[in-house]
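Common to both upcoming complexes is chain A, partnered first by chain B, then by chain C.
And now, the complex of A and B:
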């Protein structure tokens, strides 16, 4: 479980990034976090992993406070930053040095993932690999740590086409009931079928946090030649194939969620979106 | 797996499994891939695969043996055909009707073409 309450944070005195950030994440899901550049997605991941500390408010990760950086917590978190650390070790030596920090690390799994990514020589020095190759090494390592929390910052950036598919396979196979996976991304098409929970940041706030099945229960995504009009239409986009629309789902029929369309809808219409989803919560509890 | 925009992903996975059963690739009484295995194969979140299995189970196309896995039901093919027929009549046929009406096509023309199609099929 990850709980963030009333968190305030700023990098400099005159530019407040977060004022009262709230977020709660449950295990067993792959959460995708979306937001424009500069919203603070990476900052959020760094706060969860205890790399930077909030100035006010509380963060609780697996019952620990990240700022204390207790080993019991750190051995259950793997964080893949967008900017990869400069590591002069070979892959083999990297494993020797870093794997012991993670009690559930599995050597065979690591080798298997490397093989899937077609990284064959464990003797290669990590620093001398390309960005994409390096990323694959860290990703393979991260999933093999079997930590309860996996934070991935733009994991598909820099990956070639086959590697993206491999990444999806590996991530799908690595989800456990006890595991929280949190992925920040702009490449929504890469992760379309992988994430089952969507968090949207806007104006340095979490404006949306829902499981995909709740989203398609409440909202209807339609793609067609005809534009529907009316109260229930929340967002509409015209393109070559006609109109991509998001409206309130009244039939109960579930459509295919389009993350980009959802993102635009939430940004444009977040008051109504909030009403629609808060009604649901009232019914549930 | 490539997904289209017409339906929720879990329904497309349910169709994919149904197709495999209809084509006899997965036989009655046979165990299905585990949720994780199929998720990995299709590059899909295991929770989404789970929804597809739940859906197929509630339509009695597959069944669950606790602790062992999911199996293809003995009358799965019949169940799939019933479900598909229902869906065709309720969802797809109205769209067809709409186009027939819009393009002003005579029903006799449709009948004739359908009979031609049946003859070709039988000749194969």
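And now, the complex of A and C:
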């Protein structure tokens, strides 16, 4: 469980990043944090992992205060930053060095993930691999640690198209009831059909935090040759085929969630979205 | 498993260091062995010890120069105390032990080669803390070793702390900071002498450098004794003080 209450944070005195930030994340879900560049997505992940400390407010991760960086908390967190550390070890030695720190690390799982990612030799020097391959090694290791919290910052950056699909498949298969996966990205399409909870940041605030099933229950994602008008239409976007739109789901019709459309809708129509979702019982923000 | 302190985790941290730095360690000690085959006197060894020791010490927290390295280090599931202790063990205890071994091996090999090539019959000098070859295993000899070790340990502690404070060019910035502190203390000393005794030159002369052989006409014996005790205690406390500050600095480190 991750609880963030009234958090304030700034990198400098003049530029406040977070003011009164609130967020609650429950296990058993793959949460996707979406936001424009500079919204504070990476900062949020760093705060959760205890790499930076809030100036005010409270953060609780699995019952621990991240700033204390206690081993019992750290062994349950795997954080993959966007920029990777230069590792001069072979994959085999990397496992030998870091795996003993994680009590639930599973060697077979790690080998399985490496195979899935088509990284063959354990003797390969991590530093000599391409950026994408390096990322795959770290991701495979992270998932094999079986930590309760997995934080991935822009994990699909640098991955080729087949690897993105492999990443989605592996991440989805690694989800367990007690595990929280938090993925930050600005490439929203990469998380399509992977995440089951969407968090949207705008103006350094969490403006949207919903489970995907609630989203499609409340919103209708449709395509039309003509642009629909009406009060229920929340957002419309023209493309070569016609119009993609998001409207209020009044009929309970099922539609496929389009994360990019949702993201744009929330940014354009934030107040109305808030009203729509504040009516439901399982309100999450 | 103890959550506050675990020897197993310290062991894992040390193992991590040796696996990650096996090439560096191999090159460093091989080069030093060759160096000691050539320079086989205590004076050069002491100078090499101080310089290489400082260089060795600043490497440990270099990880914070590059954020992803720092993140990886801070995320290792071990307490900051365990991380500090592992760094202390490596750059003070392990370094001095390896240095002694390498100095001795280098000396023996160098001496043998010299005997073989130049047919000399010099004895092997196996003590790098002593500049004289007539070192004897007695109280004074051990005291000298203890003092030399203290100087080395203090330098290691200062440079470790420096590497935690300064992101880049830690050696240069640490040296600069030491210089600034020395100048500040010098100015303070100047004014204290000037105000208390009137003449700085005369006072320094009476102090007879740092040997605590102070002129009893100017300084009462009790003051000399107190000063001596103060410096001895400060000397002993300085090293743990630096390490404690390093520990807190590591605890508060943000990336």
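Keep this in mind: the second predicted complex is superposed on the first by the 281 of 285 C-alpha atoms of A that agree within 3 Å, B and C clash if a C-alpha of one lies under 4 Å from a C-alpha of the other, contacts with A are read in each partner's own complex, and residues count from 1 in each chain.
The rule is short, and it goes like this: a contact is a pair of C-beta atoms (placed from the backbone, for glycine too) under 8 Å apart; a residue touches a chain by one contact, two chains touch by 3 or more.
Note that the structure is a prediction, hence the values are computed from the model and not measured.
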item	value
Touched partner set for A:275, first chain B, second chain C, both or neither	neither
Chain B versus chain C as contact partner of A:255, first or second or both or neither	first
Contacts of A:29 with chain B and chain C, given as first, second, both or neither	first
First (chain B), second (chain C), both or neither touched by A:216	first
Touching partner for A:195 - first (chain B), second (chain C), both, neither	first
Which superposed partner A:168 touches (first chain B, second chain C, both, neither)	first
Partner chain(s) touched by A:178 [first = chain B, second = chain C, both, neither]	neither
Those residues of chain A which chain B touches in one complex and chain C touches in the other	none
Sites on chain A touched by chain C in the complex	46, 49-53, 69-72, 74-75, 77, 79, 81, 83-86, 88-89, 93, 96-98, 100-102
In the complex, chain A residues that touch chain B	28-30, 165, 168-169, 172-173, 175, 192-196, 212-213, 216, 221, 223, 254-258
Complex interface listing, chain C residues touching chain A	3, 6, 9, 12, 15-16, 19-20, 23, 66-69, 71-72, 74-80, 82, 251, 254-255
Residue ranges of chain B in contact with chain A within the complex	1, 3-12, 36, 39-48, 51
